[in-house]
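You will see subunit A twice below: alongside subunit B first, and alongside subunit C after that.
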Partner chain A sequence: MNPPTSESAAHVITLLASLMLVLQLLLVVQRMLVANIRVFAFQSLVLAAIAAVVGYAYEAPHVYVVAALTLAGKVLFLPWWLERLVRQIKIEQEIDAFVNMPASMLICGALTLLAYIVARPITSLERLGNNTLAVAIALMLIGFFLMINRRKAITQVLALLTMENGVMLAAIALTTYGMPLVVEIGIFFHVVIAVMVLGILVFRIRETFASMDVSKLNELKW
Partner chain B sequence: MLLISILCAPFVVGLLCLFARPHALMESLNIAGFVTVLILGVKLFKTVLTNNGNAVTQWNEFLRADALSAWMVLLIAIVSLATSLYAVRYFRRELANATVTERRFREFYVLTPLFAAGMFLVVLANNLGVMWIAVEATALSSVLLVALYNRKTSLEAAWKYVMLGGLGLVLALFGTIFTYAAAIGKTGGEMPSFNWSRLCGMAPQLDHHLITLAFIFALVGYGTKAGLAPMHTWLPDAHSEAPSPTSAMLSGVSLKIAVYALVRFHIITTACLGSSFSSNLLLGFGLFSMLLAGPFILVQQNLKRMLAYSSLEHVGLIFVAVGMNAPLTVFGALLHMGYHALTKPVLFFAAGNIHQQFHTLDFQRIGSGLVRTMPVTAFLLGLAAVAVSGLPPFGLFVSELTVLAGSFTSNYAWASVVILISLIVVFCGVLNKLAGLLLGPSDGEHARETISVSNIAAMSLPLGALLVFTVWLPDSLRRLMELAVNIIRGLP
Partner chain C sequence: MNLDLPSILAQTASLLLMAPLLSGLIKNWKAKLQNRRGPRIWQPYFDVAKFLRKDMVISEHASWIFSATPYVVFLTALSAGLMVPMITARAPMSLFGGALALVGLLALGRFFLALGGLDPASAFGGMGSSREMTLSAIAEPAMMLAIFTVAIAAGSTNLSQIVLASQGPHWKFLDPSHALAFAAMFIVLLAETGRIPVDNPATHLELTMIHEAMLLEYSGRYLALIEWGASIKQLVLISLLANIFFPVGLAAEATPVAFGLGLLFFAAKLVVLAGAVVLVETTNAKLRLFRVPDLLSAAFILATLALVSTFLF
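Entry: the complex of A and B
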C-alpha cells in the first residue's frame, strides 16, 4: 500500500523531520525553563506540519485530524498549561544539568549515530521521506538522555513529551496514513491527561519538598 | 451487552462517587459495583464456555473476550471486590486518625473503580492501540492513588512510578506501532486492521524484521509495567507507599494486566517467527527476576517492600512458565496467576492493619509477638504467608509444582533447577521474617487490636476461596483455563 511517490512532498517531510531533530538538540543545550517549553511547542508545530503535508500530498484527509489534534494539544494547550504551572509555583528559571553542555552535545551526536545504525535494516520499510525513522529513534534516545540529565521535574515531563513526538513521527513515517483514528484520538487524550496528572504531582512535590529538584527524591532505596 | 456492562459498571460507580456525599454511600457504591462486575464476569465465563471457546465480540469486534480475557476478568473482579470490602474499615480509621483528608478519601473511592475499569478495558479491547491506551489509563489512575498520603516518600514513589511507567509505555507504544506497520502492504491494498484477532490470523505474513523489533519494544515497555527485572525499581516503592488497599490491587492484578498485554504480543510473535524467539526472552527475563527477588527479600526491613519483592518473584515465575511454552507450564502459569491474586491482597490487608496499629512497617520497630497483640490479623497473615511461600495445602504449592513438573518433562530441566533454588531462597526469607514478626514475646506496650466483621471478611474470604479452589477446581474453570492455554500456545 505504498502511497503514490511525490518527490517534493518527500523532500519537505525529510526537511521538517530534520528540523525536529535540530530542535531536540536545542532543547538539550537550552537552560531557561520557559524557553524549553517553547522549543517543545515549536517542535510539536513541526510535527503537525509534517502531518498536514502528508494529508495534503497523499490525499489522506484523516491525517488532517492528527495535525489539528497535535496543534490544539501539544502546540497550544500543553505549553500554555505548563507555563502557567511554572508561574504558579514560582520556580527559578535556570535548569541545572548533570553533564555540561559540550559533553552533552557529544553524547547526543553519538546517540543520533546509534539511531541511524539501529534504523538501517528497516529503512526500506519507510514509506515517507528519507531516514525519518532514524530521526524518530534519535528523538527517542535523546529524550532518554534529557530525562536522565535534567534535575527539574518539569523538564523530565518535557523529555517524556518529546519522546512521544518521536513515536508519533515514527507512526507517520512507517504507516503513511497514520494509525486508525480511534487510536490517534485516544493517544491524544492520554497525553493531555498524563501531563495534567504529572502537573498535579509536580505541584505536590513542590509544596512538600519546597523544591522541584528530583535528585532530592532519594529516600527510598532498594 | 455483557462486555459493555462489565466496562461501564465500575466507570459509572467512579463517576457517581464524584458526587456522592455520605461516606457510607461511596463505600456501598463501590462494593455494589464490584459485586455486579463479579456476577457479570461469571456470566461471561459461562458464555465463553458455551460458545466452546469462541470469543464473545461486540461493536464490530471492537470488544472481544476469549477464554484468556474471561479468566483475567474474573481475577480483576475478585481482587477489586476484596479491596473495596477491606477499604471500608481501613479508610474510616485513617479518616478518624486524620491521616487522610476528606478530599483524599473521595479520591480513593473515585479512582479505584476507574483503575478497575481501565484494567477491564485492557483485557476486553481487541484493538492493540486501545489496549495500550487502557494500560496507560490504569497507570495514570493508580499513580494518584500511590501518592494519596502526600508524604515525602509517597510522592517520591509516585514520581518514580509515573516516570518509569511513562517511559516504559512510550516504548510499548513504539512496539504497538511497529506491529501495526508490519501488517501494512500485506492486506491487499486496504488499511490493515489493528485488531489483535486479525493480526494474529495473518501473523505468518507479517514483516519479520518489524515484528522482532516490536516484540523487543513491547517486552521492555510492558515488562516495566509488569515489574520485570531490571525495570522493576519502581515496584517496591509504589507498593510500599500506596495505601494498603491500593497495594493489593497493584500487586494482585495490575501487574498481571501488563503480563496479559505482553502475552498478547508474545502470541503474535510466536505465530510469526516460530516458537523460540519470544519464549526465550520471556524465560530469560523471568528467571532473572526470580533470582533477583530472593536476595532482596532476605535483607528487607520493611514488611510491604518485602511483599512487593515477593510479587516480583511470582511475576517472574509466571513469565518463566509462559516462556517454556509447554501445555503443563502454561496451565501452571494461569493457575498461579489466579492463586496469587487470591493470596497477595490478604497479605497487604494484614500489613495495612499492622500499619494502622503500629504506625510503621519496619520489622525492627514492630518487634515480635504479634500473635498476642493482634491475634486475628496475625493468624490470617500467618496463613497467607504459608500460602505465598508455596507450602501445602494452599494453591500456590499446586501451581508451582505444576510448572516444575512441566519444565522437567519438557527440555528445561536446567531452568527448573534455577526456579527451585530461587523458590527456596524466597521461602526461607518470607517465613523467617514473618516468623520473627508473628511469634515470640511481645513488648506489651500496644493495646490489643480492634477488628471489624468487614475486615475479617475481606481477609478470610479470599483465603477461603484459595483453599476451596485448591482442593476442588471445578471442571468448567479447568476447561476455561485449558482453552486459555491453547490461545497462549497459538493452537486453535
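Entry: the complex of A and C
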C-alpha cells in the first residue's frame, strides 16, 4: 500500500463522511416526506462512493461488492419501494415531529458533539480518516433521535435506515478492509427484508387505525 | 503593505461591471431552466442605465435618511467588495479589516436599508424592514461562525491572509469542518441575496416579499443605486464563498499570466456557484415566512458544529 494514495483516499473518505453528516442534518430539517426519501437515497449514494474509494485505495475487491449492493439496494430499490408505499397509502406529505425544528436541530448538534467527544480517544488509533468514526456515531445517534422524534411509522423506517447507514460507514471505513463479505451481505439483506416487512406493517397499521401515527397504537391497550 | 491605487481601481471597476452581469446570468439561466427564453444576460445594465435617467418620486414624509440610504447601501457593498480577494490573493483594502469588517459593512448597509424602508412610513416598507431584520439576526451569526471556521485554520481573520494560508503547504483542503461551514455559508448566501427558499427576487407579491418591500418607495436614481448595490453584494458574497473555500488559481504574484489565469479561475468559480444557486432556486419552492428561521437555524447549527469540530481535532 503506497502512502500517498492512502493519504488522499483517507482525505476523500473523511470528506464524503462529513457530507453524509450534512445530509443527515438536512433530513432533520426537511419536512417533506418524498424529499426525505430522496435525501436518504443521496446519502446512501455517498456511502456507496465511500465503499468504492475504500475498495480502490486498499485493494480490497470485496468492498466493491458492498458498494454495488448499497447502490442497488439503498440508492435504487428501497427509495423506489418507499416512494411507492407513500403513493399507495396516500399519506399527507408533511412530517410532524414531537420537538419543533430549531430545538431538534439543537439537539442534533449536541448529539454530534457528543459523538465527536466519544470518538476522540479512539481516533488516534485508527488509520483511516480521523473524523469518520465520529461521523458514524453521530449518524447513529441522530438516526435514533429521528426515530424517537417522528410520529409516523414510515419516517421511523427511514430513520432506521439512516442509522444503518451509520453502522455501515463505521464497518466499511474503520476496519479498513471492511467486514467479511458474508457478514456484510447478511446485514444488507437483513435491512432490505426488514424494510419490506416494516412497509407491509405500516400498510396494515394504516388500514387498521386509518392513520400512521404510532401514538395511536396505544389504543391496543383497552 | 501600503495602499495600491491601481489594484483598488481595478477591483472597483470589476465589481461595478461584473455584478450586473452575474445577476443577469442567474436570471437568464433560471428562465432557461424553466423553459422560458428569459431576459438577455446584460439586461441588468440597461435596467440600471434606465433607472439612472428617470425622475424620482419621493414621499413628502421622507427625511434625509431616505435619501442617504441608497448611497450607504451602494458604498458599503462596494467597500466590502474591496476587502474580498477576487482575482489576486491580496485584496486591495485588506489593510483596513478582514472578515469582521466585511460582515460589519454589510450589516451597516442592511441597517440603513431597513431604516430606508421604515422612513416613508408606508405599511409595506415597515413590514419588509421587520422581516429583513428578523432573518438577518439569525443569518449573520451563521455567516460569522462559518468564516471563523476557516479563519481559525488560517490563524487570521484577514481574508487575504486566509487565502494565502490556504495556498500554503499545511492547508488541509476541504476539511470536514469546511464542508459543514460551506453548507452553512451557502444557506446564508441564499438568505442574504434574497433567493428563493427565503425570498423571491422576482415578485412584488406583498405577502412574500422581503427585500423588495423595503424598496417599494424608491424610484429613479436611488432605485438604480440600491439595485446595483444589491447585485454587488451578491457578487461579493459569492466570491467570498468561492475564494475562501476553493482558493485555487488566485494570482499570488502580479504577472500578466498569473492575473489572466486568476481571472479565468474566478470566472469559472462564479459560473459554477451561480449554477448551483439557479438549481436551488428552480428545484425548491419558497418557504413560508415562519419556516425560514428553521432553515437559517439549521445553517447556524451547521456553522457551530463546523467551528467546534475544528477545536476537537
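The working rule: the second predicted complex is superposed on the first by the 213 of 222 C-alpha atoms of A that agree within 3 Å, B and C clash if a C-alpha of one lies under 4 Å from a C-alpha of the other, contacts with A are read in each partner's own complex, and residues count from 1 in each chain.
Quick note on the criterion: a residue touches a chain if its C-beta (ideal position, glycine included) is under 8 Å from a C-beta of that chain, and two chains touch if they have at least 3 such contacts.
Everything quoted here is computed from the prediction, not taken from an experiment.
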Combined model on subunit A: subunit C and subunit B, fit or clash: fit
Touched partner set for A:Pro121, first subunit B, second subunit C, both or neither: first
Contacts of A:Gly186 with subunit B and subunit C, given as first, second, both or neither: first
Which of subunit B and subunit C A:Leu198 touches, first, second, both or neither: first
Partner chain(s) touched by A:Glu164 [first = subunit B, second = subunit C, both, neither]: first
Which superposed partner A:Val135 touches (first subunit B, second subunit C, both, neither): second
Vertex subunit A; arms to subunit B and subunit C (CA centroids, nearest 10 degrees): 160
Touching partner for A:Gln156 - first (subunit B), second (subunit C), both, neither: first
First (subunit B), second (subunit C), both or neither touched by A:Thr208: first
Nearest Cα pair across subunit B and subunit C, whole Å: 20
Doubly contacted residues of subunit A, that is, touched by subunit B and again by subunit C: none
Subunit B-touching residues of subunit A, taken from the complex the two chains share: 1-2, 121-122, 125, 127, 140, 144, 147, 153, 156, 160, 163-164, 167, 170-171, 174-177, 179-180, 182-183, 186-187, 190, 193-194, 197-198, 200-201, 204-205, 208-209, 214, 217-220, 222
Footprint of subunit A on subunit C - complex, ascending: 172-174, 176-177, 179-180, 183, 291, 293-295, 297-298, 301-302, 304-305, 308-309, 312-313
List of subunit A residues in touch with subunit C within their complex: 11, 14-15, 17-19, 21-22, 25-26, 28-29, 101-102, 105-106, 108-109, 112-113, 116-117, 120, 123, 130-131, 134-135
Of all residues in subunit B, those that touch subunit A in their complex: 127, 129-130, 132-133, 136-137, 140, 143-144, 147, 150-153, 155-160, 162-163, 166-167, 170, 173-174, 177-178, 180-181, 184-185, 187, 189-191, 194, 207, 209-210, 213, 236-237, 240-241, 296, 299
